[in-house]
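A, B, C, D, E and F label the chains in the order they appear, each numbered from 1.
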Amino acid sequence: MAYKSLLVTIEAGIASIELNRPDKRNAMNLDFWHEFPDVLRTIDAEASARVIVISGTGSMFCAGMDLEVFMNPPAKLVSGEEGRRKENLRRMVMQLQDCFTAMETIRIPVLTAIHGGCIGGGINLISAADCRYATEDAYFSVKETRLGMTADLGVLQRLPKIIPEGLARELAYTGRKLSSAEALRSGLVNSVYADKNTMMQQVMEIARQIASNSPLAVSGSKEMMNFARDHSVADGLKYMATWQSGMFQPGEMAVALQASVMKTEPEFDELWVVG
Amino acid sequence: MAYKSLLVTIEAGIASIELNRPDKRNAMNLDFWHEFPDVLRTIDAEASARVIVISGTGSMFCAGMDLEVFMNPPAKLVSGEEGRRKENLRRMVMQLQDCFTAMETIRIPVLTAIHGGCIGGGINLISAADCRYATEDAYFSVKETRLGMTADLGVLQRLPKIIPEGLARELAYTGRKLSSAEALRSGLVNSVYADKNTMMQQVMEIARQIASNSPLAVSGSKEMMNFARDHSVADGLKYMATWQSGMFQPGEMAVALQASVMKTEPEFDELWVVG
Amino acid sequence: MAYKSLLVTIEAGIASIELNRPDKRNAMNLDFWHEFPDVLRTIDAEASARVIVISGTGSMFCAGMDLEVFMNPPAKLVSGEEGRRKENLRRMVMQLQDCFTAMETIRIPVLTAIHGGCIGGGINLISAADCRYATEDAYFSVKETRLGMTADLGVLQRLPKIIPEGLARELAYTGRKLSSAEALRSGLVNSVYADKNTMMQQVMEIARQIASNSPLAVSGSKEMMNFARDHSVADGLKYMATWQSGMFQPGEMAVALQASVMKTEPEFDELWVVG
Amino acid sequence: MAYKSLLVTIEAGIASIELNRPDKRNAMNLDFWHEFPDVLRTIDAEASARVIVISGTGSMFCAGMDLEVFMNPPAKLVSGEEGRRKENLRRMVMQLQDCFTAMETIRIPVLTAIHGGCIGGGINLISAADCRYATEDAYFSVKETRLGMTADLGVLQRLPKIIPEGLARELAYTGRKLSSAEALRSGLVNSVYADKNTMMQQVMEIARQIASNSPLAVSGSKEMMNFARDHSVADGLKYMATWQSGMFQPGEMAVALQASVMKTEPEFDELWVVG
Amino acid sequence: MAYKSLLVTIEAGIASIELNRPDKRNAMNLDFWHEFPDVLRTIDAEASARVIVISGTGSMFCAGMDLEVFMNPPAKLVSGEEGRRKENLRRMVMQLQDCFTAMETIRIPVLTAIHGGCIGGGINLISAADCRYATEDAYFSVKETRLGMTADLGVLQRLPKIIPEGLARELAYTGRKLSSAEALRSGLVNSVYADKNTMMQQVMEIARQIASNSPLAVSGSKEMMNFARDHSVADGLKYMATWQSGMFQPGEMAVALQASVMKTEPEFDELWVVG
Amino acid sequence: MAYKSLLVTIEAGIASIELNRPDKRNAMNLDFWHEFPDVLRTIDAEASARVIVISGTGSMFCAGMDLEVFMNPPAKLVSGEEGRRKENLRRMVMQLQDCFTAMETIRIPVLTAIHGGCIGGGINLISAADCRYATEDAYFSVKETRLGMTADLGVLQRLPKIIPEGLARELAYTGRKLSSAEALRSGLVNSVYADKNTMMQQVMEIARQIASNSPLAVSGSKEMMNFARDHSVADGLKYMATWQSGMFQPGEMAVALQASVMKTEPEFDELWVVG
């Protein structure tokens, strides 16, 4: 798979997606907005991996929106009947939001490994991932506020459900940098590592463990936790039980138990191709 | 009260429930599934205690579901018309979920004190309790994922509302062990103690403080926080004010103030027997 | 602005509100309940500041409800037809709750700086603020439970959405003191400072940063995070995009970028007076 | 099955439950409150019928709560500490509500056939049923309002979701009688019949049709419409698809198609006994 | 009470509010927008009536927004920084919406009696009332659509919960007139009368019946149906039971029963003045 | 636009979509499932019409799912690991549901004109449309129940929000035919016409009126009513006001008023092409 803004490799059930415009500090240009959701959905639909790891090449994870996107707006955002221009702007924001929401709606987990800065669009991106990991030198910033706009690609909706709300509000109102130490203490990232190499090794280890589990069990867990976030516990439990009526299969348990007894790796079927 | 899988004692307003199959590492067998919700509901209905403390005898808190439950499934889960078999499976999962939800629906707080392992069904259990405490040697694991199934007794619904979501997802996808230190840092447990004896003493001290407060004030707090978790703040506030219209009683405040002045323990009425 | 229970000053876009009955440890008397929501709403309506900082004079932040409020209840809470008395009590609780909810509904952020004790009504107050900061000597207590009543001014609804739920429940059931160190670890406060002076300097620094950002970007962030807390992420994203259709203005970004290039402070318009 | 307040017969998959205290106009006494939910749950758990028809013997369907229930209240509703008395009252109301909600939570449809009056408790009862049918002489009244109390057993929650809200409000505020003609026009009842005999024949015909369909298909429809009432369409669709993953069985379709070709009655398996 | 746009009289517990700019077909000018919510809230706060009836003088109920409101917009809606102008517009729409929502939030029922046209703002108004009644010559129109704007004062939110959704959509998309006969059939109005005199007599009769009931029972019914519309049945039932813990009073039932035995009018206490 | 299962023509802002397999009574085959959502989304994205009218050629509107879809299931629905087979089935149901939900998510109204039968899949289809119209000979049936399955393409989720719930349940449990007269009385259809020609003329007249209104006003109305169905009124009002901040344009009102004065047709801009 060849992309202009991304480097994508799949091996042993793990897809690695690297933001790959290092000379632009991986700023998100139009290529990125087309390619990023496309690669996520393709991997999911083709069931070509069991877990995805997202990282960045060069000096930092991501510097946020590439200003070129703002500099050359499509004609219809700046001229024509104002109501339709606004309706168009609303749909464009929703389209960009969808690019990140794709990390939630695909069936497999998405891990993000952050080094250096994670700014603006970048913090919107990682908020929609399943898990976050960082290097000691990493920092995070809702930079949009300092640029005179309300961050609109999901960070304000998701961050307060990930870290203590009081801290999320401070970050959004000030636009200040959050250090990796604070990110760890507040639960934004699961672990902090000395440097990028160490981080990538460790995150790959976590990915390997996920890839060795039953893809259906993992996928069911993701679906359940997605649902749980936005519903009452009672609704979540009912949904879980209904899901099990179709998806619980003693056969998969047998595979796992046998492998455990034989001290081998269990071999589970892949998820099926969609459609 | 005599139970096969539990050891239950009530003293000074504190009910102690011990998982008591130490030779099976307190694995949850059929006896457990019948007795556990029964003892919770009986204590509540008879108002025979003001707080419940759950712990385990032997080497660990709980090893999870006893495999015998899976090994000898009822005939109707494995034969007969498939649709009805699935409908039956769904209801069985809901029935098991209810055994843990009982900790939420009773009127009094449930504290859990965990030593050694807390695995699979065990982590589903403690997720439904009001508070969790652990020893330094304790660890926690959503083991179901490694057994080829999606954990279905509440942990996926409740854990992400207790600890940072990114960590909850890592635990569910990998099935790895969480140490007591991580459990403390992430908010899964309120405190960690050097050993089981110390823990039991300290948790009993917390229980004693709860038991000395007005049972109606404590019970109202529990009802409000149960409701708050699954509703908007606006709905929660309205519910609170409506509750107070019946339950706020200056008489109880007078009892508390007088005891404070006299430096004695306040004596509050018990909750009333249900029905 | 002259108030009996508060000291209010506005300077450089920052409104400072001090609870100012130091000889009563800033206990909340009838004056407070009238003045507090009034000053918040006035500042917002007149757009006379961009951020509010709330602190207390004297030995502690706030000792909670002044008992005089309970001691001399209005006649109609203690005599007359019981149903109407209860209906009246319910409305009175809702009225008091609204005094704190005003911190959420106004357009600008509210920071709270807590030293010494933050007790009963005090912890209800700070739960409704955007951010919390504390001194090392600060402690927090849901004292109501020890006074024989269920805390009814918002702490039970908001605290479990700010700190780990297990800890919130322990605090509510026991009424025990939470130290500033625990408050930091659990996310109740964003930072802890050595003493009140240091705290006030640092919190003012944070306020200054907020006041230098575009008030519309900050206000949009607050509205979005208020909404996010009580809605699904999907609803939050749709609301965000719809908001942007009216409120996103490249002009504000231009102001920010130009100031950045010129290394000056950007000058943004104030929010507009309401009505 | 022998009951004091009910007459219960089961034949050809149809359970008939008759309110049977004709000399008291089927007023709901303590026997009724125990027996009614019990018989519903027993029929469901034992899967002894595929549909339930509820009607009344004597001059009318139901005159509402038997005043004896109010006349001799349990001691603890009238004496003892007031807060606990109120907590007890709240639980008692919830217990009575549950008696009617049982019609919703069981797996099979409940049809109600109403002749003469349907008053107070009676209109609360029928609001919780799946379908309502009436004779020309039937009338309906939220009589509680005229008795100085707010109707509390479900009619205010369910009626506005059954008939136009403006009419539901008029009925609740005035307590006036609604004629069967208005009941038909507003959708409260599905059909109106000349007299009780005709009604019972026709309703039994509807019940027979339901009993001849696949009990799993009918039960799935009920579960889906219960869920749909209280959730968004998007949630309902997702729940439906998840349900089908377990419950959709081509085998049942084959039974139906073959019977259709052979012009015989299809023979479907019963639902399974619960537990 | 003297108003410029309204005629208000209170007698025997019934407040009559007449839209009173007959030469302008009761179009809603700035006076109206100030006076209408004010009179509703004052009657409620002072408990000076038990029910409100709203009608119009002159040739029709209401012709909608007075175009003068659009013609002379406040300066800040048409000039100044665009983002703030939009934020201001948003708040202005919310303020106008609140003028109608006041009919929902006050404690007593609001009946509307409509003759002639009910256009634009008028149909937004009546959608927020408890009950609607009409003359044969009445018609209703979501006129805004034909004026090039989306109706924004509540009709799109409330109408589909009052009449069949398919009809509500046709009305909104086309802007066509709905006749009183269609309004009756679809449930928009509870009854249709030959002329205005007949209507006013009959609606006053309904109001008299409401005013003779216990104001607390009526007010409880309104609160419960307001809550029910926007919550699940399960939440509604729990709220109801909690409400009863404070508000259910056997004393009021005794008043009602005694009056019934003595064949007199029961005399219930008024609601209490607020605050 | 050439389709195998549909006949599509666009004229004067009205898109006509005819189900066009008359010899199969417009049963839904694989072609249909691909083409139907595609044509809806294309018309919306290209803004090539302002309203859509859906009808059927031949003897009836639609006979439901073409049995060929069931007869030749894809291999992976009938063989392979059962859990994945079920997961696949679930996604397939969701995919089919989406084909109908597309009528809701596009920006322009969808009217359906039904003659003859509307069976199974057909009633699922029309439930997702904005408005329904029928001929006197039309009938409707949730046929799935008689075929041994629970209807799963939306009718159980949407129908109870369109017609009285008691009737919706009778239809789903029995699978009986609903006549056009009942459909009119219950609100399922807005109007009934003598024959198909008359219906098509009248529905086209309604479509013409819609097409002559401002597409942005109509589209805003649709978005608001979609949102209102699944949210509280309070949320709906806030969403409405926020929408207006971007979309309300006095310019469109000027166009409408001028046309009204000049007695000409107003000329509004089209919605803009998406993307």
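The rule is short, and it goes like this: contacts are C-beta pairs under 8 Å (C-beta built on N, C-alpha and C of every residue); 3 or more make two chains touch, one makes a residue touch a chain.
Bear in mind the structure is a predicted one, so any value in this text is a computation, not a measurement.
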item: Angle, in degrees to the nearest 5, of the Cα rotation that carries subunit E onto subunit F; value: 120
item: Interface numbering overlap (same over half, different under half) for subunit C and subunit F; value: same
item: Distance between the centres, which are taken as Cα means, of subunit D and subunit A, whole angstrom; value: 48
item: Centroid distance [mean C-alpha coordinates] between subunit D and subunit B, Å; value: 35
item: Set of subunit A residues in contact with two or more other chains; value: 86-87, 89-91, 161, 163, 185-186, 216, 229, 231, 242-249, 252
item: Listing of all chain pairs that touch each other, if any do; value: A-B, A-C, A-D, A-F, B-C, B-D, B-E, C-E, C-F, D-E, D-F, E-F
item: Subunit E - residues contacting subunit D, complex; value: 51, 109, 130-132, 161-163, 185-190, 206, 209-210, 213-214, 216-218, 220-222, 224-225, 228-229, 232-234, 236-238, 240-250, 252-257, 266, 268
item: Contact set on subunit A toward subunit D in their complex; value: 231, 235, 239, 242-247
item: Contact footprint of subunit D on subunit F as seen in their complex; value: 70, 86-87, 89-91, 93-94, 97, 101, 104, 142, 144-152, 154, 156-158, 160-161, 163-170, 172-176, 185-186, 229-231
item: Contact footprint of subunit E on subunit C as seen in their complex; value: 76, 80-91, 95, 216, 219, 246-249, 251-252, 269, 271-272, 274-275
